[in-house]
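Got some structures for you, see below.
One chain, subunit A, links the two complexes that follow: it is found with subunit B in the first and with subunit C in the second.
Up next, the complex of A and B:
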């Protein structure tokens, strides 16, 4: 599995939320992106899980990681980023 | 007075919908079903929207050019059909709408496509879920009664090359439904899956969920620290 770089994560989140590439940045979160509701969050996690070969589904902290910063921190801690 | 909403399909089709409280509202499953049908009907034909509710599935398919001439639609609820007729009129959709249970209103009529949107979750789930306040859910303990009835009768109402599209919710007995479809049809193919977070109203009954899962009445997965259930869309021919 190749490690995720920041731009990959931005594009992955944008794709999951059906937003254009470039619309997600370091400050994006469920508080400031309309499409990032509970359904959108699950779409992000499902796509992320595919990207990391099923390793994300076992990380329970992702359930409440509803911002780019929180997701990034978890991925770094887990050695995926 | 009915609520009014604008339903948008991928920013391509916008439909003005009036919705009474006792008519099923478009759900996430509606979106997934529309998507699967749009992507898998290559040639327009005679289409029946079964369990049409307010009519959004059929109206989107009509607007997307998947239906010849007029939409055929039926629902067990008189109010739903009345609402559907108004919604079709307001959105310039030609419709033949009838009241009745599953295929009862359609005599010997045959179709190229049947799109089933009849609700199908376990009655045990329906009782504790937030989804069935004013609408009927006579689906049996494992949520399969209505969909199996539809699968059973649909072959009589499909042309020789006709196809049945149907959603299977993991809050019902998925294996029983799919196995039944495989007995009735030569081909049964899963088109798509969409996962959903289990709502709090259900997770607060975790012991009941575990019991139903153990009995194979429902299915869900534990992922990302959440309980996740799913909708699969199938086509059979």
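Up next, the complex of A and C:
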């Protein structure tokens, strides 16, 4: 598995939320992106799990990580980013 | 006393849906701000079945169970297992009320099992254990829930998902062993991920609103499912010495399309082997697997001796999987 770089994560979240690339940045979260609701977050989790070969679904904290900063921190802590 | 084990088989399955349903168009009219197309893409559910105000889980259970009894000698039923999280009363057990309404023999074991989406697998294991030990010969396993009564009209998370329904499965002694192996799991640390908090002892038996309310953290339940169920499926396959490609069909709890799709992905299952009837039925909690089995059987999909893997998971958090060999239903 290749480590995720920041831009990968931005694009992955944008794809999951059906937004154009470039619309997600470090400050994006469920609080300021309309499409990032509970359904949108499920899409992010699925794409992330696929990207890291199924390892994301073992990280339960991702379920409540509804911001780029929180997701990034978890991925860095897990050695995936 | 003989130590020989008896064989066990599923002899009949019937189910009951309430008369009333709501589809996504109806929800869309009522809640124009809900993006029903997006919701459908995730849930795969278009129709949900809603019990009437005064219709209880026992009412639905009675109809499903009566259909089984009409095909079988009710006097021979010696055990009634009732899986529900929508009991008529805190006490007595709804199983006792159902035993009376069905005019089943009083020489019968009857009790409730308080489980949700894993309940059918646990019920099957108990039915099998009773029969294999010689304590029972014919077990009526009834699952019934009316979760919609716990869901408020403006609940966008739960309302598009859950249906009310009942199922009745007759599990009987047989020459061949068609039910088993089993594998189970429980993680009570997630008890509050899917919960009705009010109305019982923790709220001093009081309800602050009009009715008890179902709370579900969809993302956390989804992650629990993706983290635990593939492993549990692998475990039951290992126990049974079956390989994935030796299973004819997989009947997962009909939670939602996104759950079924991602379980298939993680287990690398071909789509045609993963059964789904969720679009027209919805998530019927503990009845979702027996209803799916019955619909698949009636459609002619299931053939004698097909190997099926069943897996239920959800509230608790609780899960279980088993392998059965299919035999024609009554």
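Things to note:
Here is the rule we go by: the second predicted complex is superposed on the first by the 81 of 81 C-alpha atoms of A that agree within 3 Å, B and C clash if a C-alpha of one lies under 4 Å from a C-alpha of the other, contacts with A are read in each partner's own complex, and residues count from 1 in each chain.
Rule of thumb we're sticking to: a contact is a pair of C-beta atoms (placed from the backbone, for glycine too) under 8 Å apart; a residue touches a chain by one contact, two chains touch by 3 or more.
What you are looking at is a predicted structure, and each value in this text was computed from that prediction instead of being measured.
Look at subunit A after the overlay: subunit B and subunit C clash there. In the overlay built on the shared chain, the residue A:63 is in contact with subunit B and with subunit C. Of the two partner chains, subunit B and subunit C are each touched by A:49. Legend: residue contacts after superposition of the two complexes on their common chain; A:38 is shown touching both subunit B and subunit C. In summary, superposing the two complexes on chain A brings one listed stretch of subunit C into steric overlap with subunit B, and the stretch in question is 145-153; the others among 145-153, 181-189 or 235-243 show no clashing C-alpha atoms.
When the two complexes are laid over each other on chain A, subunit A has residues 38-39, 41-42, 45-46, 49, 57, 59-60, 62-64 in contact with both subunit B and subunit C.
Against subunit C, in their complex, subunit A makes its touches with residues 38-39, 41-43, 45-46, 49-50, 54, 57-60, 62-64.
Per the touch definition, subunit A reaches subunit B in the complex via residues 38-39, 41-42, 45-46, 49, 56-57, 59-64.
By the touch criterion given at the top, residues 35, 38-39, 42, 157, 217-220, 222-224, 226-227, 258, 262, 265-266 of subunit C touch subunit A in their complex.
By the touch criterion stated above, subunit B contacts subunit A in their complex at residues 28, 195-197, 221, 223-226, 228.
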